[in-house]
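Consider the two complexes below, in which chain A is the common component and chain B and chain C are the respective partners.
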Partner chain A sequence: MAEEHPEQALWVYAVTTGLAAERLGTDRGVGGAPVRPLTEGELTALVSPVDLAEFGEEALRRNLEDLDWLAATARAHDTVVTAAARAATAAVPLRLATVYLGEDRVRGLLAERRADFTAALELLAGRTEWGVKAYADPDALAEDAAAPAEGSGQGAGTAYLLRRKAQLSAREAAQREAAAHAEHLHTALARLAVSARRHPPQDPALSRERGWMVLNGAYLVDDDRAEELARQVEALAGTRRGVRLELTGPWPPYSFAGVVQ
Partner chain B sequence: MREVDAAPERRISLVDLLDRVLAGGVVLSGEVTLCIAEVDLVHVSLRALITSASTLERAAADG
Partner chain C sequence: MTGPVQPASSVSPMQSSGGGGNHQPANLGDILERVLDKGLVIAGDIQVNLLDIELLTIKLRLVVASLETAKEVGIDWWEHDPWLTGGNDQRELKQENRRLRERIEQLEAPKDGKRDG
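Moving on, here comes the complex of A and B:
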């Protein structure tokens, strides 16, 4: 891509303010390359050099389909972003695989988008992202929804058909109810958050979960309300039989970094 | 994050992490970045994941 550019390609992890680089605690990033801060005004980006043979546009497309490569890259990215969020007043994570050609380009980005980054950093300071997932056990919910209408004088065939029909509509009812409950959970959790969003449910093939994932929520919460959120998750977990909740985090604010045009 | 520090070694599920690093974070547009379009990135990565997840499951079932 950049044959005419002798500059180094740089992977960008996050844009921070008030970064105490000595508190970062990690100095290796994607591909084991050394991470360094690049400062422009009051903003500091964390970057590390990458080889375009592995991280250029075409190579990236290929490598992203390799699960081992993807997993290692995602974890390396997350390690630096997490360290940045801890060592700075606030950090805006960048989308995985953001690669710039040369230091000047990164500095130019920081200068050009200063207002956007500053606004995003103000929103994120003193706040942390938490994840809450809810799984519904289809059988338990359908059992509750099914009215046990056993043998009332019909022949065996009719009874079977009626039972089958009841099972199917019980399943539909359970699905509707699970969706409504998920909405209720999200609303209750969002009340404790300054911002909330729902990720699409995860594929069961990936999450290895038998239950339906009815909620995959992310909540940006003031740090002094984190315990309140944990208590709320516990309280909500007991409100519906057949629905299990899982709290994850703390996360860097990946879900609330927004889009900088 | 200071008051709610996690254990130094977070054991986080790859799926939860990919939800965030592939679909979250700031997307910077402009000619200077090689950042792959959102849809492409999520699509190719998930295809990789699903393929390997079913491979793993088959391996587990066989083994």
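Moving on, here comes the complex of A and C:
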């Protein structure tokens, strides 16, 4: 776009209300640049300057494909968004790489979308996002499903084939059962949440987990029910052999920020 | 967290749930999943569109095994086990979404007479 004009561009992390900037606890953002609040009316955006040589359209596209750059940038973004969520009454996280050309443009955004932001912030105030993932151990599940019907009076070969067939259908049954169990888990957790989302499972080949991820849920929970959620996760963890639960968070409300269109 | 947390078949919290307090460095895959795919989407002045990001993540997946950070990354939200998602429906839906997004971009892009061709 305007890469020959070295205008100062601003990376926007989140839009907040009731931000106590002194409680942020972090002052460095993407690329190590200083983070500062930018207020318009009752809304405060957190921004930091970025160099268009690195964050202009072309450069950004290139850099996003560099996994190490992406990892560092994503972590820096998340750190500031997390700090914002903690130091404000409520914070709407913006997607990675939301960049504006100068303060006026950011103020313009806050003024223009004031009603949208305010509505989103109201929904998020006093609430926190938690993640719950469930991993199913295929072998343990299949073992359970394959209640070995000990055939009597058959030849060894037939017995083998029958056993093999039972193993295969046990695996299918296990998968169906794991999916049903995931549905049950999600329903039970969603009952404690103001809002709940199921994200697609992460790739088992890339996560360090051996099991299938059968649930990748996000739950927006009232802060005074956070303990209840944690207890519920523990309680649910014991209900099915071969299924392991993982609780992550507190997260900024990434999964519930998109309600404003 | 009160009391001991049992390993194996029980919960394994990535972070403790001390009432909204401490957010320890989370798994990179979890972070990427959220910052790339979630969060409020606003058209900034610098355009990085969704399509780019999807292509990017596909590439990520392909190169990821050879990279230092690979161990940390576990993202894949465009291609799922069919038994978890109910078969091809979702994939087709995604493709349709992609086509529609492309169409919208085409329609929205060259408003001010800069239409090429």
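Rule of thumb we're sticking to: the second predicted complex is superposed on the first by the 246 of 261 C-alpha atoms of A that agree within 3 Å, B and C clash if a C-alpha of one lies under 4 Å from a C-alpha of the other, contacts with A are read in each partner's own complex, and residues count from 1 in each chain.
In the analysis below, a contact is a pair of C-beta atoms (placed from the backbone, for glycine too) under 8 Å apart; a residue touches a chain by one contact, two chains touch by 3 or more.
Computed from a prediction, not measured in an experiment: that's the story for all the values here.
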Joint occupancy of chain A by chain B and chain C, clash or fit: clash
Touching partner for A:Gly108 - first (chain B), second (chain C), both, neither: first
Partner chain(s) touched by A:Arg163 [first = chain B, second = chain C, both, neither]: neither
Touched partner set for A:Leu245, first chain B, second chain C, both or neither: second
Partner chain in contact with A:Arg171 - chain B first, chain C second, else both or neither: neither
First (chain B), second (chain C), both or neither touched by A:His77: both
Touched partner set for A:Gly131, first chain B, second chain C, both or neither: both
Touching partner for A:Arg198 - first (chain B), second (chain C), both, neither: neither
Which of chain B and chain C A:Ala179 touches, first, second, both or neither: second
Residue range of chain C overlapping chain B upon superposition on chain A, of 6-14, 24-32, 78-86 or 96-104: 24-32
On chain A, positions contacted by chain B and by chain C: 1, 9, 15, 55-57, 60-61, 64-65, 67, 70-71, 74-75, 77-78, 82, 86, 92-101, 105, 109, 113, 120, 128, 131, 199, 202-203, 206-208, 223, 226, 248-251, 254-255, 257-258, 260
Touching residues (chain side chain A, partner chain C) in the complex: 1, 9, 12, 15, 55-57, 60-61, 64-65, 67-68, 70-71, 74-75, 77-78, 81-82, 86, 92-101, 105, 109, 113, 120, 128, 130-131, 175-176, 179, 199-203, 206-209, 212, 214, 223, 226-227, 229-230, 233-234, 237-238, 241-251, 254-255, 257-258, 260
In the complex with chain A, residue positions of chain C that touch it: 1, 5, 8-15, 17, 19-21, 23, 25-42, 44-48, 52-53, 56, 59-61, 63-64, 67-81, 83-85
Residues of chain A that touch chain B when the two form their complex: 1, 9, 15, 55-57, 60-61, 64-67, 70-71, 74-75, 77-78, 82, 85-86, 92-101, 105, 108-109, 113, 120, 128, 131, 199, 202-203, 205-208, 216, 218, 223-224, 226, 248-252, 254-261
Interface residues, chain B side, partner chain A - complex: 1-6, 10, 12-30, 32-36, 38, 40-41, 44-54, 57
